[in-house]
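Both complexes shown next keep chain A, but they swap its partner, so chain B is in the first and chain C is in the second.
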Partner chain A sequence: MAPPLPPGLTPSEVGFLCEMEHVTVIPRQTLDGLELLGGPTGALKPPFPTPLPLWLALLLKKQRRANITPPPWLSVEALTQILDFETDERTAELFSPSPNLPPATTSAPLGDAATARAQADALPYHWLEIGHLLITHAADDFDDLDAVRKLLRDLREVRMSKLRKGFEVLDAGGGVKMNGVGGMEIAEVRGFVGGVVDGLRRLNRSREESRKERETEERENGLGSSSYRDDEDEDML
Partner chain B sequence: MEFNASPSRASTLFKIRVRSGQGMDDDIADILASVSAPPISQRTLDLQALTRAWVAERTAPELLPYPTELVERVMERLGKQISNIEDMTGPMDPQANFTLVILQTELERYKFLVRSFLRARIAKVDAYPHHYLTLPETLSPLERQYLASHQALLSNHYSTSFLSAFPTNLQKLDDTAGGISMVDKPDEDTAVFCRVLRDAGKVEIQGPSQVSEAELTRGDVWVMRWSTVKEAVRRGDVELI
Partner chain C sequence: MAARLRGRPAHAPGPTYLSYTPNGKKLITVGVNGALRVFQHGSDNEPAIIDVLTDGHTAVASTNDFIVVGAEDGSVTKYSLLTNSMEEILVRCSLPVRDVSLSKDGEWVAVASDELEVKVVNTRDMTRIMHLRDQSRPVKHVSFDVSGSTLAVSCTDGIVYMYSLSSEQPQLIKRVDGLIKTLETDVEASAKVAWHPDGRAFAAPTATRARSDWQRQKAFSGGHRADISAAAWSPNGALLATAGVDKSLCIWETRSQRLLKSYDDVQNAILAIDWHPTDNVCSYTNNNGELFIREDFVPGEHAKHLRIALQPAPMNNDPLSEISGNARKQVGNGDKPNGVRRSAEDQYLDDLLGPDAMSEDEMDFIEDDDGAGYAEETNHVGKRTAVANGGRPAKRHAPFATWNPQVHEAFQPGSTPWRGDRRYLCLNMTGFVWTVNQDTHHTVTVEFHDRQEHRDFHFTDPYKYDKASLNEKGTLFSCRPSSQTQQRAVLYYRPHETWTTRTDWRTQLPAGEEVTSMSLSESCIVATTSKGYVRIYSLFGLPLKVYRQKSMPAVTCASWRDYVITVGNGSVGGDGTTRMLYTIDNIRRDELCQSEDVVALGEDTELRSVFFSDKGDPCIYDTEGVLLILLHWRTPGQAKWVPLLDTKTMDRLASGRKDETYWPVAVANNKFHCIILKGSDVYPHFPRPLLVDFDFKIPVSSFPAGAADDEDRDAAQQKNLEEQYVRASLQHSLASDLVDNTNATSAQKAEVPVMEREVDKALLQLLAAECREGEERGMKALEIAALMRDRTGKMLEAAGKIAARFQRDILGEKITQLAERRLVGLVDEEDM
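For the complex of A and B:
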């Protein structure tokens, strides 16, 4: 009855999630504001740009009722800058920073990450999915489509190779910080990273349990006295 | 703030951005934003909460507490929207037709969210039934009903097939005698990816040979054991991604 999916979102679910992000749309036809289940949508009056959820924007685009404005970080200049940052040797350990978080009450989705007011020098969490969807369906809204596609591909390769290099520090305890990583990238490596951390944990389980026992004994009996007392008991037997 | 292309300036600018984003400036920005931001409709907040609950339920290894009021509000709204759409499906003029398409698409997306959320929970309940029999408060009333009748059917089936042929003291399915419990618990130490929403202080990371500490600052993305971040997720300081 329930599908036995492994824990964690599949890539298609990450795609579903990214379609809830807002993008800026330039309507070609008027449409009244709708009262959707997810909240009210602004009325569409050409030529004023309006923020709409991505799934709705793609629907309108397919029916040729609107054009989608690519967010500022999805242009040739911005992507080139970010790619330079990523390929610089001094940032070999880091990913390019994610945009500043919205105030603590909101979180992705439904943030501003892909509208025209987004930050132009940071890749938002769903950069790969949103970039791919916009290139596929809103091709005529870009100035230089091939360059953007090539840059997205290069960025993806650089970041994936950085992620793979980071596998070397994976430890049984977890605790690896990776700020700036994207949603689809996490979905790709989740199986592997989770498997490695869990596997290492299983292999080291006996070592960890004995260490914990030692620590609790030390806390209860004072340092260094426990092993001595054990030997004495054995002698008495 | 300009992001200059030359690498040395870029890395210093990155450091400056990271440093200036913390501390007092953050608090002031938060206060300003909460005062001047337009009020977000309850529906949007509910959608966000449902999405977060869905992602958390799909990612976490054990069952999280059931969000009763959220699901009740959502189901009520869904029911109203469905009857709304049925009313609108009467007269068919082009403008209203397109609005109908939009409403139906959104309804399908919403239903997928709710269904996937419930399926994730049922999958966990099916995996560890005897464990969740002892924790009825994390389940909704329907889930409790499902668990009870499912287990009754299964144990009936087992007894009639082969369990009645066992010696009497080996017939229990949730035997806890002998030091080892037959009841499987979900693995609380699986690795999860999480993002820190609010500064949450330090947590202890249990390694195989030593215990290390990590500071949870806002905006960090970590790979950690579920047991380490469970409390922070309950408080809402950390979300699963």
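For the complex of A and C:
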């Protein structure tokens, strides 16, 4: 019997999915176009930059067959600007907005979120994963690696603390506005939030159960089945 | 003059120092005994003596009116030269004073003593004092730069501290480490910084450094066998005099760092040197109390160096037109510090005529009453400021200027000038060639974008190649002729792949001829030379052709397969600069495609680069940031320059936050490939920046991108479509030109109908936009429909459908009529 998977995507699954995003690659040798499941890739001809799926780009990078151009939002200026937005008092409640949606006409399943043509002043959905992967595997393609790494970490911490602050009000009926939060951030807090909500419910449940037991004892015959209610709760999460 | 050099015993034997007043009238010496001597320049009379209370003087600095003297008892005293008497003690240190330096305006005096701090005292108000405390050990020398805003402090810990004194609070701006030696304060050897008169560089015993980035620039080497004890720039910066503790005295030429003369008649170690501000006189004092005034210090054959205007400091990255091969002397136009030469006659004439006649000195016929700078203000010497203020006064020049057209300098496309010790010789879509200056030789590295196809290589280059050209087949180098080694200009070609053992070759140009620009294509090598020849070689070194260029001197050239474009200076336009003319030649067929046609450049615009696109159309990029392509160039007389992209109107610059320009690399895949230059950079530097590509955008209209409301967005969309139409028509005519005139491949032939369809597609979209606007736009819609290129009638059919969808019935009818008339051939090309 397969172990039960927690609901939603796990961080590793999100990390896997982000490798489908396209990044811009500067090839260092020629390669014909490939017919891949995700669609055909363009022929590589140095030094013309070509968009490729991240996984393929990383593979070529490891074999030193290509350089990856970091997307514009992964530059020191752009990250500083976004971090300023995140830490500014006036906008402290908000997450920096996600990039503008592409015009509805594009039929391509994946946009330009991480290519050289991406919008510079917004973090795309997979910013954390892509940033992490590029910094680890394409370190020599960055101008100022340490600054970028530091800014990414700062951003991550600022946004994470905002998320946590949001969860302080997490109670029955409480809600957190999560516009602009990235995929990995959601995957990361899912465990935490799930735990908290579960824990809260467990606390409440024991109280509730004891109350019910009392009621049952009083009536000598219970009406509601607690296990049935549990299932219902489980489904709600 | 005096045949034998005789020292004037100025002071008791011991260290002696001197200083000329800025006007050159007086020379002050100080020594160990309790007197200062004031010599009158040009007279052999006994000097005036100022008896003073202190003895053991260690430093002197002077202005026209007063001198400042430092002594071993720690006092710095100000003496008046008008009354030859002491005025006041400016500052008193607890330890011996080692050096004093006055700012140019005489306002501040910097005092170095054996104390840890440097004091900067106001000469008028001794209570105003600044302390510089960043150094950890006593300071040996201080030196103000020309502007008086920067103070170089040579510390005994071997570091030169640079302080900015422009604000009230002095600020340490740079520690220059590893430049000077670690010296004790009382040794004879010197670590004093000597600022070059143009203020951009300084010399210190060991090396010269540039001021902007504090990099070591050039070394004057090979003259002294021991430590340097004194150094001084000539007033115009063209020469440098240095003295060593080994009793040597040398004169160097700044521009080439060549040793001009070495004197061997020095008896004692020289402790201080100073040039006379105007005459060919240099004085020095030694450690034996003697003063030597050397007249005709610079030997006659080099004396011209003293008469020229302010010389630029020798910098590795100076825009000394290294990129341009043989820099032409630009006589007369502008006031660039180099190149402008003021003749000796000019100066003599000035002296003869005196201040009243025809000069801009005191009694000028133009009164500068509104301060707009018609008249040059004279400096304290009462002469023109040829020495200190940079270029020469332009006004003086105007009446006498001979007519000198401004000539465009030659350049090699894709190369950059020196910055630091390296430069790119060639940067294109195949790879890049860069060279590193190692003083005695260069090292050249060739790197490719495609590392699988070609292997990067690297070699030591004794010829000092200054131009290179790279393509898929090989690399071409050329070097300048050298007068010293009798080496002639050489072309060197190195193919990347061979099937024989050795196929690289060198060919020497005739003596005195220099390569001004060159280019390598897949089938030939082209070089334009300083004699005005265009020399064409095969890829294996066989000279194919030599002809004289019609428009000379040559500016640049480029080639693609058998087509060669050469650009030269033609006739002179109204603004005094020559018109650039280009010629396109097919060397295999020996046909001229275009002959002496104009390179269309706006006023004050310079050519930045010339290259062929990947489809073989000539392109130019100008300093205004516009990329132009040549259309219909295969038919003589039909060529016209069409703008493809105006980089200043690109969307990425719309926010106004970005300050960037672009350095052209190539036009390929219907994109403009370039390197982004930040700020005021003109050339790319190391590390190699990434190539960036931009789509073409013909400057049809300027519409702000990202407009807010719907109406604006619709209008922007409309403009976009219009631009798309113009661009598609341009590409269509480029493609059909290619097919009509060459043996085009099937792929190229297939492109023409594709482009035709693109044009019609843009027109259909425009038509739809017009139909949407309303019935009253019907005339324009019909005009658009008539522009359709398609001959099969399908596009007009589609246009009719669009009209029907928007229920423009009249328009639909007219379109059907048009289609019918076309079909039966009633409307031919002329009518449309």
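What we mean here is this: the second predicted complex is superposed on the first by the 178 of 237 C-alpha atoms of A that agree within 3 Å, B and C clash if a C-alpha of one lies under 4 Å from a C-alpha of the other, contacts with A are read in each partner's own complex, and residues count from 1 in each chain.
To be clear about the criterion, a residue touches a chain if its C-beta (ideal position, glycine included) is under 8 Å from a C-beta of that chain, and two chains touch if they have at least 3 such contacts.
Predicted model only: the values in this text are computed from it and were never measured.
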Inset, instruction - Determine, under the contact definition given at the top, whether A:158 touches first (chain B), second (chain C), both, or neither. - result: neither
Inset, instruction - Check the residue A:194 against both partner chains and state whether it touches chain B (first), chain C (second), both, or neither. - result: first
Inset, instruction - In the overlay, answer first, second, both or neither for which of chain B and chain C A:183 touches. - result: first
Inset, instruction - Answer with first, second, both or neither: which of chain B and chain C does A:147 touch in the superposed model? - result: neither
Inset, instruction - For A:49, select first, second, both or neither according to whether it touches chain B, chain C, the two together, or no partner. - result: second
Inset, instruction - Examine A:84 and indicate which partner it touches, taking first as chain B and second as chain C; both and neither are also allowed. - result: first
Inset, instruction - Could you tell me if A:26 is touching chain B, chain C, both of them or neither one (first, second, both, neither)? - result: second
Inset, instruction - Would you sort A:8 into first (chain B), second (chain C), both or neither based on which partner it touches? - result: first
Legend entry - Common interface residues of chain A - those touching chain B in one complex and chain C in the other: none
Inset, instruction - Under the touch definition given earlier, write down the residues of chain A that touch chain C in their complex. - result: 26-30, 46-49, 65, 69, 116
Legend entry - chain A partner contacts - residues on chain C that touch it in the complex: 429, 448-453, 668-669, 690-693
Inset, instruction - Could you pull out which chain B residues touch chain A in their complex? - result: 3, 5, 7, 10-11, 14, 17-18, 21, 29-30, 33-34, 37, 40-41, 43-44, 47-48, 51-52, 55, 58-61, 77-78, 81, 98-99, 101-103, 105-107, 109-110, 112, 116, 119-120, 122-123, 126, 187, 189-193, 195, 197-198, 205-209, 212, 214, 218-225, 228, 239, 241
Inset, instruction - Within their complex, state which residues of chain A touch chain B. - result: 1-5, 7-9, 13, 16-17, 19-20, 31-32, 34, 36-40, 55-56, 59, 63, 80-81, 84-85, 88, 90-91, 97-98, 100-107, 109-110, 120-121, 125, 170-181, 183, 186, 190, 193-194, 197-198, 200-201, 204, 207-208, 211-212
